[in-house]
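First subunit A sits with subunit B, and in the next complex the same chain sits with subunit C.
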Partner chain A sequence: MAETVKNEKVPTEKLPAKIMLRNIVDKAYAEAWEAKERGEPVGWSTSKFPAEIAETLGLKVCYPENQAAAIAAKHGGQRMCEYAEAMGYDNDICAYARISFAYAAGAECEEKPMPQPDFMLCCNNICNCVTKWYENISRMHNIPLIMIDIPYNNTYEANEENVVYIRAQFDDAIKQLEKIAGRKFDEKKFEEVCANSNRTARAWLKACAYCQYEPSPLSGFDLFNHMAVSVTARCRKESAEAFEALAAEYEQSVKDGTSTWRYPEKHRIMFEGIPCWPDLQNLFRPLKDKGINTTAIVYAPAFGFVYNNMDEMMRAYSKAPNSVCLETGVEWREGICRENKVDGIMVHYNRSCKPWSGYMPEMERRFRKDLGVGVVGFDGDQADPRNFSNAQYITRVEGLYEIMESKKMGGQKSE
Partner chain B sequence: MSDIFTMGIDIGSTASKCIIMKNGDEIAAKSLVDVGAGTSGPERAIQAVLAGAKLEMKDVAHVLSTGYGRHSMAEADSQMSELSCHARGAYFQFPNVRTIIDIGGQDAKVLRLDEDGMLINFVMNDKCAAGTGRFLDVMARVLEVRIDDLESLSEESTKDVTISSTCTVFAESEVISQLSRNTDKRDIIRGIHRSVASRAGALAKRIGLLDDVIMTGGVARNRGVLKALEEELGHKIYTSDLAQYNGALGAALFAYQKSQL
Partner chain C sequence: MSNIESMLAKFAEIAENPKKQLDKFVSEGKKVIGCYPYYVPEELVYATGMVPMGLWGRSGSPNKAKKYFAAFYCSLVQMNMEMALNGDLDKLSGVIHTTLCDTLRPASQNFRVGINNIPMIFIAHPQNRKPKYGIEYSMKIYTKVLNELEAIAGRKASDEGLHEAIRVYNENRQAKREFVKNAGKHPELISAVQRSAVLKSSYFMEKPEHTIMLKELNRLLAIEPVVEWKGAKVVTSGIICDNPALLKIFDEYQIAIAADDIAHESRSFRKDASENEEPIRALAMQFAEQDQDPILYDPEINSRPPHIVDLVKHSNAQGVVILMMTFCDPEEMEYPSLAKALKEEKIPVLKIAYDHQITDFSRARTSLQAFADVLDLRKI
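On to the complex of A and B.
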């Protein structure tokens, strides 16, 4: 069952970047279905497993996190979570994982179908939940699990032993995937794939950086939609071209004085964490009502891997929001806040992501001290709508707004 | 020059509170109805406060609503979150306030103010009503005592009893277990007060305490909870008879500010 890729009928005009990006994601899913129908093995991968390996070997790979986000955004998240809970999975487990278990077990799901896996690719740079998540599905389907274990970075840079360890696993992953693909790893092709991946990452980061302009030529929430390509298809040339087109559109918007944020930009905030996919409109509306544009996002640019050689590639893949030390995490975020000129921060305490939420109280304290901006947190969930309360969120947005307003009017002194 | 009357209405989850200020510095009347958002409470509170001030709605220069039901009030000229309104109301009563602990019917929050009474930071309970007025309602019912008697009964306690602070329903089960073991109600009640203090205290510690610390909200009427909170936090905590009206007071003050624009 392949999804039909929608072809926009714009024969002579260039497609808007958002359409190009949407088509790329649709095509990635369609190609996975086509491969399955041809009898080729299809993998499921964590979002930050080195995508370059499967791409070089011509193996099609799907991304359960992206699928779960899409299912949640289309309001299928609760149904799938409840299915997994009925199977025996605790509701404390990440909702992406619960949705994935349900889908792997055969739960009906029209929101975002993808082929069942023939192999699993797990890299735990994003979190440790994926280790057991992927192990479970590997056992469920009796299929190989290829693991790249990323040690947590207690220092600013990954140490040499870690890099050697990661490289050894990377090389071993290649050997295992050669057997699955039935072909040898082509070094020349790998170079080409890495070049595409870097070009995509640079273009994506460039597009994200346009939030630095005042007023911003984009609503930061747009990046939550566009980032799917950096997860599902970052090694493709068309992905780089699409992000370059996106950056060019933003460049033009700056020149024209236009923006996809069509409201007054009274305040600018950083949104910390994965968004609540089932409640994107509920997240956006109170911000829009108060003229608060999100001009800094942590989640989106986290998928920009840039490297010049294998050593740098291993280091790049060892850095994810949840695998770097607190100090690095604070520096990243404070850097974005300063560059993107925010005057407040909204923190999503994500019930589905204990590591990401666990360090936030200490980061909040440092943000207040170092940046002197209002910081407010709300409880929610990336994919389980039962953990989000709209009324409570609205109160917190209004509180943040009132803090930013009084600071703007010069009425606020230090603690 | 004629007097300027402004109205603040705090439409909470369990009660509707209304205050009319005269010229932004004197309380002309106040009212409280024991039902909140989505009920006849707000309308009845408005009628009562107007009667108390001997005014009609047309005499009021500006109406500002706050609280959970703030967006549903057609008569309001503007709305503001209960966060800023509580800050404003507390600062009016206690000019040295820097930390406010507000425990209402279903909400608990801690606010940090700067030296001019401006809101700098806040933290609130999420989803769970353990440690709020609802918690005390449930316990009073199980113990078959009146809410208003919880304070005096706890003063007669002689023994420590620990009651969970994690969940109202679990805590209710614990209270029932204690009763079936013939534990003295007065000791249970003091344990309940300490449980509420533990929840609110955890929020306060996240913000950090800076004197003066003020307690507001309906639960502040129970001096047993206030005393437990002082013990939990090791700080003197002030309150007033206007504790439950604090949000409405702040709303009326902001209404006055807006009427001058």
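On to the complex of A and C.
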């Protein structure tokens, strides 16, 4: 077992929230390793597959997207991508998928090891790429793939026929996973899991909402780290507690006038898209140098799965950034931009994420028109550092800064 | 000019001039609906008395479409947007936009907000299409599509009309399947360029007319004696391969297309719809039965690579040419499994980059020339 974190009760009350959150992710991976060692089946799941099912059945699940992000952040992304490319996977393919193919095929990876899968849980509310990604790994390991298909939405709300279709798949997934788990689905446990999931989502949204204070009690980049819990352990009580503790810390910071952002807050921006994990420092540094804090990220609403009943749950899982219509996507973003009082937006044109970047040019136009803020884009990649140019990024940050300064002074600097 | 040559010239004329066809239909008082790839139930358009025309991009580079897409998007979708922004599609009465890949998803939104003069009919096919709930979902969304088409047509589709549409389309699909076999048997009569034109023209013709012409061509081909083909035979695989400049290179090196696994070609007419079911259910079941397509979720997880191997064997081809659409994730992710399966069967495979922006196929020429030599050596 590569992970060293032991599965023991952590005295969470006394720990800073960020440590509590990190421990939860480590514990989730440690539990998966332990399950594997006991001979229990361990799954790999997309980040927005209804986690409530596996949690209710007591099945341990790992998250390749989280793993890929962690590997990339520890600078293993390029090595893993190149490994996958040598297997025949094109370098146009999502870098998370390439990292995952490499890992599933046995590439050495000390950055973030996790158990190899015994079953796959795929929900394409995040993209269609995951469908083929999970099929490939299912083929490699000759293991079952459980698929929940979320039709793309062209309207604000998921249509009734979508809800019926998703619900039927949800029920089907339960039956398939009961066989894998070797136990029956316990409705009472499910209710408890759903309650935890909702509590976690609310606490996450509450913590994110502290970005609205001026100055913000946090650097928005912190949220990129904390969101891992929303991916890997959102159905757990301790996750809700940790996010509540995080929110409480932010509350105290507001009272004390402190912040994890330790620089002047001259400007506030939304960072649009998945960050370039291999270049987090490179993303952060020019912003820090210019006194630009990130106070809005799309991951805030993206992981706020709040629901009161099964139909609402199906609708909640229909609302991922890459499965909602353009207008919903704009409304989410403009909502957090207004609430969190941003005066600029930095858009990441992410080579790894076609569905996300595919309507960003139109969104950019809407942001400018509706919000009157500066909007600048840069080219990058969530996990393959070869697709990111630091020089271009610095230039774009400088450009955005100039626009925001000009607007602040009452000018109309052209973009 | 022989009868066969004369017919092939007619198909080519239509394949090369979709705008002329569109103008013709509109001048005849017909409404025309553009259909994006993939698996649009065109029968619904036909049943409302309108003419469906395929929208699979065209050769060229995007200019205005860059306002909506970064550079790393499939040229097929970008060129559809380009045509719409240039006003080339203005005479369409509507467009059916699909969402089966990660480019089509945001493209549907860009089309809806960027092209204000052409109503967009949205369709999100189910990937879990086979279970009862998947078929029922397909039926519901097909019914919605039909309702929107009826509103554009200004008339209802009758049950009888829907049955007739299925019959007409089945007949056309059968004729196309027959043609693919005939073209594979008679490469000395049907070049790769001509084969493509015959199939492509069906996207720009009313199906009864295409069927009549194609049946006649099939009849003429069926009575031709089979002669020994000195060149190679391959299976092509990919999204689209309709550029005559590339196909001419196939012909130049005597690489005949014995069968295809191309989305624009055989994948689109492999399955018929039942003529004995209620029509909307028949169309939903037809989609449910579509398989071995990288665009679709494949519950039979290992079935596609052997399917292509079988296609090679049954068509007496010696190799596979994969036309890899640039920036097409599903095709790119399927490639390693397919290449592995072909390698295990010792079937040579050539991967060529393909998209609508490529005008210089000199790299493809070199690769195809070498591939022809490889296939030739295997005959010895």
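Assume the second predicted complex is superposed on the first by the 401 of 415 C-alpha atoms of A that agree within 3 Å, B and C clash if a C-alpha of one lies under 4 Å from a C-alpha of the other, contacts with A are read in each partner's own complex, and residues count from 1 in each chain.
Criterion: a contact is a pair of C-beta atoms (placed from the backbone, for glycine too) under 8 Å apart; a residue touches a chain by one contact, two chains touch by 3 or more.
Because the structure is a prediction, the values reported are computed rather than measured.
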First, second, both or neither for A:326, with subunit B first and subunit C second: second
Touched partner set for A:90, first subunit B, second subunit C, both or neither: second
Partner touching more residues of subunit A, whether subunit B or subunit C: C
Which of subunit B and subunit C A:164 touches, first, second, both or neither: second
Which of subunit B and subunit C A:399 touches, first, second, both or neither: first
Contacts of A:391 with subunit B and subunit C, given as first, second, both or neither: first
Partner chain(s) touched by A:309 [first = subunit B, second = subunit C, both, neither]: neither
Partner chain(s) touched by A:127 [first = subunit B, second = subunit C, both, neither]: second
A:361 touches, of subunit B and subunit C: first, second, both or neither? both
Common interface positions of subunit A, toward subunit B and toward subunit C: 349, 361, 379
Residues of subunit B touching subunit A in the complex: 68, 80-84, 112, 114-116, 118-124, 126-127, 206, 210
Residues on subunit A engaged by subunit C in the complex (per definition of touch): 87-90, 92-94, 97, 124, 127-129, 131-133, 135-136, 138-139, 145, 147-149, 151-154, 161-162, 164-165, 168-169, 172, 322-323, 325-326, 349, 351, 354-355, 357-362, 379
Residue ranges of subunit C in contact with subunit A within the complex: 67-70, 72-73, 99-103, 105-110, 112-114, 122, 124-128, 131, 133-134, 136-137, 140-141, 294, 297-299, 301-302, 324, 326-327, 329-330, 332-337, 339-340
Subunit A - residues contacting subunit B, complex: 349, 361, 368, 374-379, 387, 389, 391-392, 395-396, 398-399, 402-403, 406, 411-415
